[in-house]
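Presented below are the structures under discussion, each in the form of structure tokens.
Two complexes come next, and they have one chain in common, chain A, joined by chain B in the first and chain C in the second.
Take a look at the complex of A and B:
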């Protein structure tokens, strides 16, 4: 590479690695100018609440993608955790219900990893189809469990204060779900950057053979990434149904593509090995802000789906060019 | 091969021809079920309703044999189906159908550009393309089904010729065409070579990029044709059919024995693989299994068979 002046280099790096931040800034600026309602406190609080579920799921998905795999089963896990948890609040109380929900999420993730490990699947493609099948199984279980009906908060006679707090409570100026998000983000960030296991995941995603030969337990890494993803998806499901106060067995539809979109847009590469939870936070912010902006600008929900697909294609393409 | 016992050869038969064995088991099982499964009407109906999936699978098989994958077919299916109905307001039916198929070919061309020319991983990018097209389909129809007004259009998918449904005949033509393409032409053999080892194929002088690109174009075209036929069969265009189609068809192809590793498989195998799903659907309906259990069984079958495919790949890796 030729020696160029430092300002140019910095701009290059900015465009290559932080394109998302740039896009967020442009998006916010443009919308704020066109539609002043965007900067109103009500809308900002709204955004803060909206990104909770997607954020949790995407943070979990980040580890799977850094590990070089993919998880399409998050939609099924959300369906299952939501209907089971909400139905258990009355019979066994809220704290056990909450813990059961998280436990089911983690168990589903563990089951995914067991299927992948036992079959010896090593590529993203194989994991994609296996987890798609698992998603169908989880969703069907949710449908069978709930008999396809929607459950509401107002049907629950006993106390459900914890879930109401998660869904609508505030702590000072920020919402409770935002505080949960900050705490989880800190934990996951520490796990990813400061622990051996976290680095083992990155190495596994970078090059599986090299990782195995240097004595890293790939199998353990696979179990860890899928369990984290399942656990975070369970948490996401709880935050989701607490916010909308109902749980239907189809509540999670579309979350898998949105989570992959957020992770990839954030700059974590689908090839595995490189990425971080902080990047995913940016990605989720972009996706949620984009939905919000498009809503305010009056773009139909259907066209928004198309826009999301286009951005996913574009993001993968750009990511690929960066590597070449 | 000689040194292996009977167990190993049995193992290889089961892993290679799992779709065939699955169908056999189902056929035998249905004898004892006391239902109308074995009536000529039901068997023909089963073939008829699987035809559209089969046409989709023939296109996808080419991309999977070449070491790729096409998950955008669900999107192409719905958009081209809707286009073929909507465009009839502006032009004669034949032109509308042609435009819809050209649309599919164009999407296949873009897929090929992204996957083959730009060398991206095909799985997630075609999934994104499918999402994009689903959004387009919803926007085109406002997420409502659009009815077709032309009775002649409906007859394409619902008519029959001396008792053989049109769909089955079109499917048979597609089958023959793609079988010939893969078995007896240079293009087909080159696709196997590319899937087997991309670099070796390139060094032996095959125009790898153009050949693999063409596979994606054909897949897009086949998906568009299937979309037109689906719209004609149901006499409506709707954006909801494509959601799981892409993943189910790709799984079906693998179920037949075409591996994601590339270079292995063929059109007849894919036909068997998709028939597994068609027969499973039909048998479950005949046995009055509730729809939730049907979904679950289908998921379990997908997991089970992909699991076997992965396991066979692992064994192959270990032998080498």
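Take a look at the complex of A and C:
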């Protein structure tokens, strides 16, 4: 029993560490059998488009969670970035509007970290409530700014080609948003695994006290993780409203739970320290595929929410079982 | 099942257990006889605790056999073991602080005792049988550690235990309490019970154990009657080599002043000023809570303290956080290895490279080959026992974990090394290695501030000690030429300041 055979071990490791890949495969297989429409090119392109916004937000969230924190404000940031950016396209032009949108996202993240650092709230639970508070602030700002109204692309008289390309353009066989995703993923992966700042973030998540006492700048790490999360959420907001061509001040609703779900299901531990943006990609894929599959099978939205919740609980349960 | 002689209560044969990357137990075999006090000695990490946890059912063994009272035991749980008559009294006692003595003895069995009246009456009987006078209605939280231990023993007896395992029971007892425990142990033995007594204090082993087993590196090195062991033989077998002295010779490398600290004041510290010389080991002596740790934390920038001045080589330096402390050439081994020192789930390598991570980067990118070099170098230089630099540091023994933290700082060659309880919870051999390292650091021109609750350690290693009492420095002494009680009375605030 001590040194079981290597094949069995490999299967064990695969099962434990790559359960999500297995689940994706099973999900695809089952859906494809029950509902042949699933594998149709139209649906696949649709899936590729669907996961764009959630992917961006979740990639940003990954850093916050690896750093040992959490960010519930992403829904608020999406609302704010979406309504402000779309409203600025006509007055200041599309490139400045795009940059402003990303800037607002990053600024919101920066503000989150400032609130956390200045209040000395260095636990995940405190960060949970602080960012929840910030989320309502961002959402309310979005409502005040837009007077609660929804803005559509057709309201914009000047050129909005960049946003149309992001939302519906293709580059050869794949969508433009997919190309953006690949580029961003590569940059974030390099940042996370190859740089000293990426390491500082992991160490901060692994043990804040030890990291600080080893002379690692944990305040800087906290600023960086929230700013990345804000920036990526801003990007997610832009991809989202570009795809649906409208921006309501409530379009971000539910993104915080879905993003956390994707990160955790992907295998990044909520305890902080260990995780990877690549795992998050798998997590997002699973969450989006599952939604798509449940939709195709005609499962009610209410039940879908319950399924997602159950999966989150299961993922955390499994993660805790993994610890020796 | 095999044939076991009736005088053997517990027989362990070829029991092995491994954790990822570490062989905790390697084919351990011991026979324990009825009515005998059997001592198990070994350093931390020798496998004593793992073995006990297998016996009690906290861990499952990988292979081998365990026969208790004639019955082979495969899988068990802590509760099942107790019911079979095998009780374990752990170092950290398992009592419910908010409940009474009687309730704790029969926890979860009030029904069998026919209610609370029966519970208290039966608890009284058991406590009387071991000569313990404590009232059964007293709350556990009001008891001293030794009385709690007696409650644990009464609880073990309530299960009609045939074998009681005591895991380092003496670690928090005073001399009188210890004498009390010894009396009880003799009594239990007279009643025909068997006792396994785990300790690394040799005096105790020689005082009342009948048979002694020595464990090292997950193996049983030797088992024989106490009378056939000599003290030196026991030590040699424990550590695997001969240790003539507990401490290396005191370093003699004190040079000119390296650092001056002027007036640290907080709500707990009052006007703390001192100097540290090149090549010196400066010890802080004081009670736990006297402010020793607060001083070094303030110095290292770990706590926010304003208004003090630090001069290194005559130049004023601002240390507002640990990063600035590191840049100023300070290294810090915090008092709690696991909570403040290590990132437990991370590899040995990344724990060692933590402080120097910025030094081996180029344009913010980590250079993996340099990092690997650092890990390998320190593992070799400090002879850290680990299967590879990639295993999680949590799998290492205490001494080896501590060496990882030392190695982490050696890599940036600090000129001032702060060590807060550097040898807490590590075994004799590893302690000696840390002492030798300290000596080497100061001989190479570094300086060390040493805090330790073990008085002999500070007094034997330091060139100079400061006594600290209630946040003030109450004296400055050369331990080599000062009687211990002079230093102690200053540390207890019994005499005016000398500095």
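Operating definition for what follows: the second predicted complex is superposed on the first by the 322 of 324 C-alpha atoms of A that agree within 3 Å, B and C clash if a C-alpha of one lies under 4 Å from a C-alpha of the other, contacts with A are read in each partner's own complex, and residues count from 1 in each chain.
Everything that follows uses one rule, which is that contacts are C-beta pairs under 8 Å (C-beta built on N, C-alpha and C of every residue); 3 or more make two chains touch, one makes a residue touch a chain.
Owing to the predicted nature of the structure, the values given are computational and were not obtained by experimental measurement.
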A:168 touches, of chain B and chain C: first, second, both or neither? neither
Partner chain(s) touched by A:203 [first = chain B, second = chain C, both, neither]: second
Which of chain B and chain C A:179 touches, first, second, both or neither: neither
Partner chain in contact with A:195 - chain B first, chain C second, else both or neither: second
Which of chain B and chain C A:137 touches, first, second, both or neither: first
Touched partner set for A:296, first chain B, second chain C, both or neither: neither
Of chain C and chain B, partner touching more chain A residues: B
Which superposed partner A:214 touches (first chain B, second chain C, both, neither): second
Footprint overlap on chain A, where chain B in one structure and chain C in the other make contact: 324
Chain C partner contacts - residues on chain A that touch it in the complex: 1-2, 194-197, 199-200, 202-203, 206-207, 209-217, 273-274, 324
Contact footprint of chain A on chain C as seen in their complex: 16, 18-20, 62-63, 300, 302, 321-323, 325-327, 332, 334, 339-346, 350, 354-355, 357-358, 361, 364-366, 408
Chain B residues touching chain A - in the complex, by the definition given at the top: 69, 114, 118-121, 123-125, 127-136, 138-139, 142-143, 247, 250-251, 254, 260, 292-293, 295-296, 298-303, 306-311, 313-314, 317
Complex contacts: residues of chain A adjacent to chain B: 70, 115, 118-126, 128-130, 132-137, 139-141, 143-144, 148, 257, 260-261, 264, 270-271, 300-310, 312-313, 316-317, 320-321, 324
